[in-house]
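The data blocks that follow each hold one structure.
Both complexes shown next keep chain A, but they swap its partner, so chain B is in the first and chain C is in the second.
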Partner chain A sequence: MNLGSLKIEPRLEPKFSWQLLSALLALAMSMIVCALMLSAAGADVGKAFYQIYKGAFGGWNATVKTLVMSTPLILTGVAVTVAFQAKIWNIGAEGQLFAGAMMAYWASTFLSNSPSGVVIPVVIMAAFIGGALYGGLAGYLKARFAVNEVLSTVMLNYVIRYVLSYLLVGGSWRDPSSFYQQTPKVAEAAHYPLLLAGTRLHLGFMVAVLAAVTVYFFITRTSLGYEIRAIGFNPTASRFKGIHVGRTVVIVMLISGGIAGLAGAGEVFGLHFRLKPDISTGFGFTGIIIAMLAGLHPIGVIAAAILFGGLVNGGIRMQIFTGVPTAMISAIEGIILLFFLTSAVLTRYEIKRVKADG
Partner chain B sequence: MGDFFQTTIIVSILAATVRIATPLLLAALGELVAERAGILNLGVEGNMLMSAFSGFIFTYIFGSLWVGLLAAVLTGALMNLLMVFMAATLKVEQVVTGLALNMLASGMSLFLYKAFFSGSGNKLPTIQIFEVVQIPFLSTIPYMGEILFSQKLLTYVALLMVPAVWFFLYRTQYGLEIRCLGENPKVIDTKGLSVTLRQYLAVVCGGVLIGLGGAFVTIGSTVRFIPEITAGRGWLALVIVIAGNWKPSGILIAALVFAFLEAFQLQVQGVGVQLPYQLLLALPYAVAILLMVVKRSTSEEPGRLAVPYFRGER
Partner chain C sequence: MEPLLRTQALTKKFHQVVAIDSVSFDVRPGEIHCLLGENGAGKSTLAECIYGFYQPEQGEIFVEGKPVQMSSPAEAIGRGIGMVHQHFVLVPTLSVLENIVVGTNTSGILLDLGRAEKEVKRLCERYCVELDLTTKVWQLPVGQQQWVEILKVLYVGARLLILDEPTAVLTPQESRALFEILRMMTRENMSVILISHKLNEVLQSDRVTILRKGKKVATVKTDETTREELTAMMIGREVEINLTKDDPVMGPEILVIKNLRARNDRGQAALRGIDLVVRGGEIVGIAGVAGNGQKELFETLIGVRKARAGQISLLGEDITRRSPKYIQEKGVAFIPEDRFAEGLVPDFSVEENLILGSQRAARFKSRGFIDFVRVADFANKCIADYEIATPSGKTITRTLSGGNAQKLIVAREFAQAAKLTLANQPSRGLDVGVIEYMHQVLLEKRREGGAILLASEDLDELYNIADTIVVIYKGQIMGAFPVAEADIQQIGLLMVGSGTDEFGVACRI
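So, the complex of A and B:
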């Protein structure tokens, strides 16, 4: 046999084209499963898909609404990206989002009579600090006590939800005129300005895009960004190279948490104008899928987040017009991630022709 | 009289502790077996939720608790089969896989529930649940009888699983091999035994236990299904494995301690004592973090947890 044979070998650097292909493959597979679920639920598959599309990107209004929905998702996606680049499994973007929202709300209560020019920068900074401190706590526990960040961030997610619930029920934050667990409305001056008059697209979207671009340059162009990627690639080698791994872990979690915190402020001051437990419907977790699907690329996160924002809005329209429950969308999100992980295996290998001479 | 009331309250808190510990203990033991084989299954919460759901729905359809229980166990095994396929065969990131399973379960259980009962209007579907099984003679022992021997079947199963899992891991050949996978899988490979096969065995068996835990949450406890009914018990199970230092006996103690906090909180709320109960609910999670901080010199954490094994690695 002189023809040689084909050999499958591990690939060191996954090719971008293969990554894109595997992401598209995962989406296609998920659509097939989606179609199966729809027909199982007794819906007209074509009609349901059309309604999802209409709700997501069917026209100007729907598209702007999708951008509004994608705002927190871009931020949680970028937050997760920063951490995952360093192979730090921050599952706590959800909790950090709430920590940011709470810190921002708390800060705004001191500035109820100040003009927008003062309140809004303070609110944004407070949100970053709140999320950063909460994320940094997990980072510190990992660096100092080797506490597994997956478990600590999950626990912190629960802790912050209960603390918020305590403040909204028994504590001083509750709106006394309301039956619901929520704070009073924030002052008019603290509302994020609108980017497009007559829509609900607010400053938060710009914050999100800016955060993604900043993180992109930070990771690729700065020495700290290089260190972050290096400890993700090989922590032991990084240590020998003189990178202070413990310190970098804390910094990563501060940044990651801070960006997630910005998402919380956007929802409170840009959309709901009050703090309540349902400002996030699992945005922190959806951010993980988005980050993975974007191949941990901050700019890719923007695209993936807009896609997912569209899915959520499309799901709502689908429920109205076809009666298929929106819960299908979150099931599909999990399925997309599973398919993506599976198809990403393909990018790890390459097929080589080996000459049969030895 | 005061003394009498205090004793009944303490006894009822302790009985509730054992009841609440049941799903935690089953899921934590299931997770332990998988982690000993080197697989970190973060999908426990999702697995429990899917098992709880299928236990409920199959009991509803067939009107038989035993069919429901079987369905829950099979679902637990299947969910873990998916986990181990991704982890041992495809060797993808175990952390992310586990999270994907959680999201899948969270959406899928709600979707199937709503799709199945879409026509039934406002009336929430209900099922018959398992009755308390009084153990003859033992249940008449003062205090202890009520706390330990007037429980549901699955509670007894959970308690018996503690020595059973211990015996399996520490006194059988398979158990030894599984523990070896978590420390040094190369040894197993060098002996000509299949690493992957043993990881499948461990994780799927663990899934059976998690499925039993999920079953207890619905058909062992409540007549209705509500979204996210497992409410973080799977995550607590993961913490219990750590708090119990990866040993069955330690896991029993940790599960009972966490369950006690919950039972105490329920009792306090029920009596109407003004206490910030949300903070009490947050306590187990905060305690869990503290327990992870307190480093033990004799940690039994498997050295190869969540590290995929590639043949020929150095």
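So, the complex of A and C:
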């Protein structure tokens, strides 16, 4: 019997069905490894998984909480995705999130007596501008002085955190009535409206989904989106064909930073109603993982962010009911990412059976 | 006479592609045997099988009548077969002598450079090669680096030398010197396998084996064949080698370059006062060894490199400091030297690459968005008009062959009326069929009254299609000649920047 042999070859055109299959395969593999890890830690694997699921998507309340948790993650994920279309590593979504939150908060202080219809659009715009300026700064440094964006964005994360600390400790933003480093509560009119009464799901979630969809069309359908992808793949050919690479780098970082800035406003005006250093627990960094997980597809980012939001909430429940620390969730996130990145090979190659000679 | 080397029905496959298909041929002692074929015809694969780099699936190799298994290059070297690859494998920071000796079996743990030096010197004298053995390889011109490669092979006692496209980088003088050395070797009963697709060289061999699509077409005696016959066998049909070229109808001056100066990426002077005029209906061919400013000249002309001094005028308008976008929109088409690195976005689809540069053009947009239906229509028209072989417009460009990638670039660049066409090495690495196609396209532009500036290292190409040949050397134009009056010897000398024959063979027999 002649079975022939199997050959691996690059795919000419990636197929969606294979992308889906590889995603499912990666998910299954990560669950197996996570199970091994949980059992090594002495936990009851079935119970731990059940509690994660319960906390993430087990019922209406849990699901809505997951959406709330995913809101900033969608935005930071999309922010990283946009930048990476131009092969720019925006490690600074965390800092841009704070820059957006600070700009939005600052703008809101001028509008303490304005109605919602005025103050909320202003807050959203200010958040975008704040993040955009901060992201654009890294873009400008890269375009003008060839400063590596990984270094500049990482460093800028620290700068903005310390500026905020300064303002909250000795500066004018501190709530004098509070022991904590935080601002006073923002005006009622500046609160993001709720999407579902009785829950904490706020306007920010809609902003996030809208941002993802807009970015998708922007990247795939507009001339600027085309140029962003072109400079990402081949800056030399792009420059030869008249695309202004430096200017495009700045623009893409303005957009990326702006979107990350929206995440900051969502947390301040939708959830905490005041600005404090812990409005983000590393959302900007988780956004990088989410963007990779989503294969840099803005719509995929929504799904990946909801998954991660669920893991965070599920992890909390797991800790309460099984005693397995939530730190395990970070490990699970890492494992999922690793399997997704490896399984992506499936979408780029195909296995063909070739007839042996004869 | 027993052949030195014989292959019997050699077959080598890569995946499902048959690279060489049942090829039998033989090499006699003391002959220069040429392997002729288009890119991808299997010449190099055949040579690499003989050299033990690839193992054939089927067939046998005989050395002096005895069947052998060439399991590795070391085995081949042991049997007296040496190969000089197209891309040299020299250590630039080591001396000539060290490069020759290092890695050979004669060197033990300690290098006995003294003994090796005597041996290499003896070889140099025997073949009249003048080389300073203590010079670092990076200081040598390309032609002499090639001699180092050949000496490496001779040093280990090869009887059969395989040369893969040896003259791709040489000036006519260097190439002539190479052949004189090869002849000296064959007189001493050494054999040479020469891989080439340049007919001028092929005609200097003793016998020619022609390969097409992995199959052997024929083996012929060189003095019993003609250029035309060889070409027809190589590409499987008759080809007009000399394209029909109408007499030039010189139009107005389209491109005028005055005293242009620019620097290269390392900040050194790359263009040192270029003066050049290209008229409508004229092809100006730039002859020169790569690295003498061709790349910088084209980059300055399309606006991606800053001119330090001088002036570039396009139809009377000063475009010296204009942006690449502006210059393109003025009707300048550019066919860059490195197709995939400079001309295309390899990860884009064919469609997307076809609109590179005109992604903002109104004809590809509707309501502010890129209209991919219009783009696909345009792409399908280009694919048909320019005979681009691709499964579809959605195919990732990276998977195209060099010839099809080149056609894609031409289709895109000529989508708008090009008044000035700039082409840097447009036929490098392409098959004869595509090269011929490129020439037709350029001549068609010329007929339409376009101005064409073409740089090529292949002088045959320039003689075939150019009206005027200018020679560039170290960023300067050494001379301009109407093609009918251009003497190839003189051009060759100007290409190395001198009136003296500095690359000649030291002693002649």
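Everything below uses one rule, namely that the second predicted complex is superposed on the first by the 337 of 358 C-alpha atoms of A that agree within 3 Å, B and C clash if a C-alpha of one lies under 4 Å from a C-alpha of the other, contacts with A are read in each partner's own complex, and residues count from 1 in each chain.
Rule of thumb we're sticking to: contacts are C-beta pairs under 8 Å (C-beta built on N, C-alpha and C of every residue); 3 or more make two chains touch, one makes a residue touch a chain.
A quick note: this is a predicted structure, and the numbers were derived from the prediction, not measured.
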item	value
Touched partner set for A:115, first chain B, second chain C, both or neither	neither
Partner chain(s) touched by A:176 [first = chain B, second = chain C, both, neither]	neither
Which of chain B and chain C A:240 touches, first, second, both or neither	second
Chain B versus chain C as contact partner of A:217, first or second or both or neither	second
Partner chain in contact with A:227 - chain B first, chain C second, else both or neither	second
Comparison of chain B and chain C by chain A residues contacted	B
Intersection of the chain A residues that touch chain B with those that touch chain C	none
Complex contact set, residues of chain B against chain A	42, 82, 86, 90-93, 95-97, 99-108, 110-111, 114-115, 118, 227, 232, 235, 238-239, 242, 276, 278-279, 281-282, 285-286, 288-289, 292-293, 295
Footprint of chain C on chain A - complex, ascending	7, 9-10, 12-13, 217, 221-223, 226-227, 229-230, 233-234, 236-244, 354, 357
Chain A-touching residues of chain C, taken from the complex the two chains share	15-16, 57-58, 302, 304, 323-326, 328, 334, 336, 341-348, 352, 355-357, 359-360, 365, 368-370, 372, 391-392, 394-396, 399
Chain A residues within the chain B interface of the complex	37, 40-42, 89, 91, 141, 145-148, 150-152, 154-156, 158-159, 162-163, 165-166, 169-170, 285, 288-289, 292, 323-325, 327-335, 337-338, 341-342, 344-345
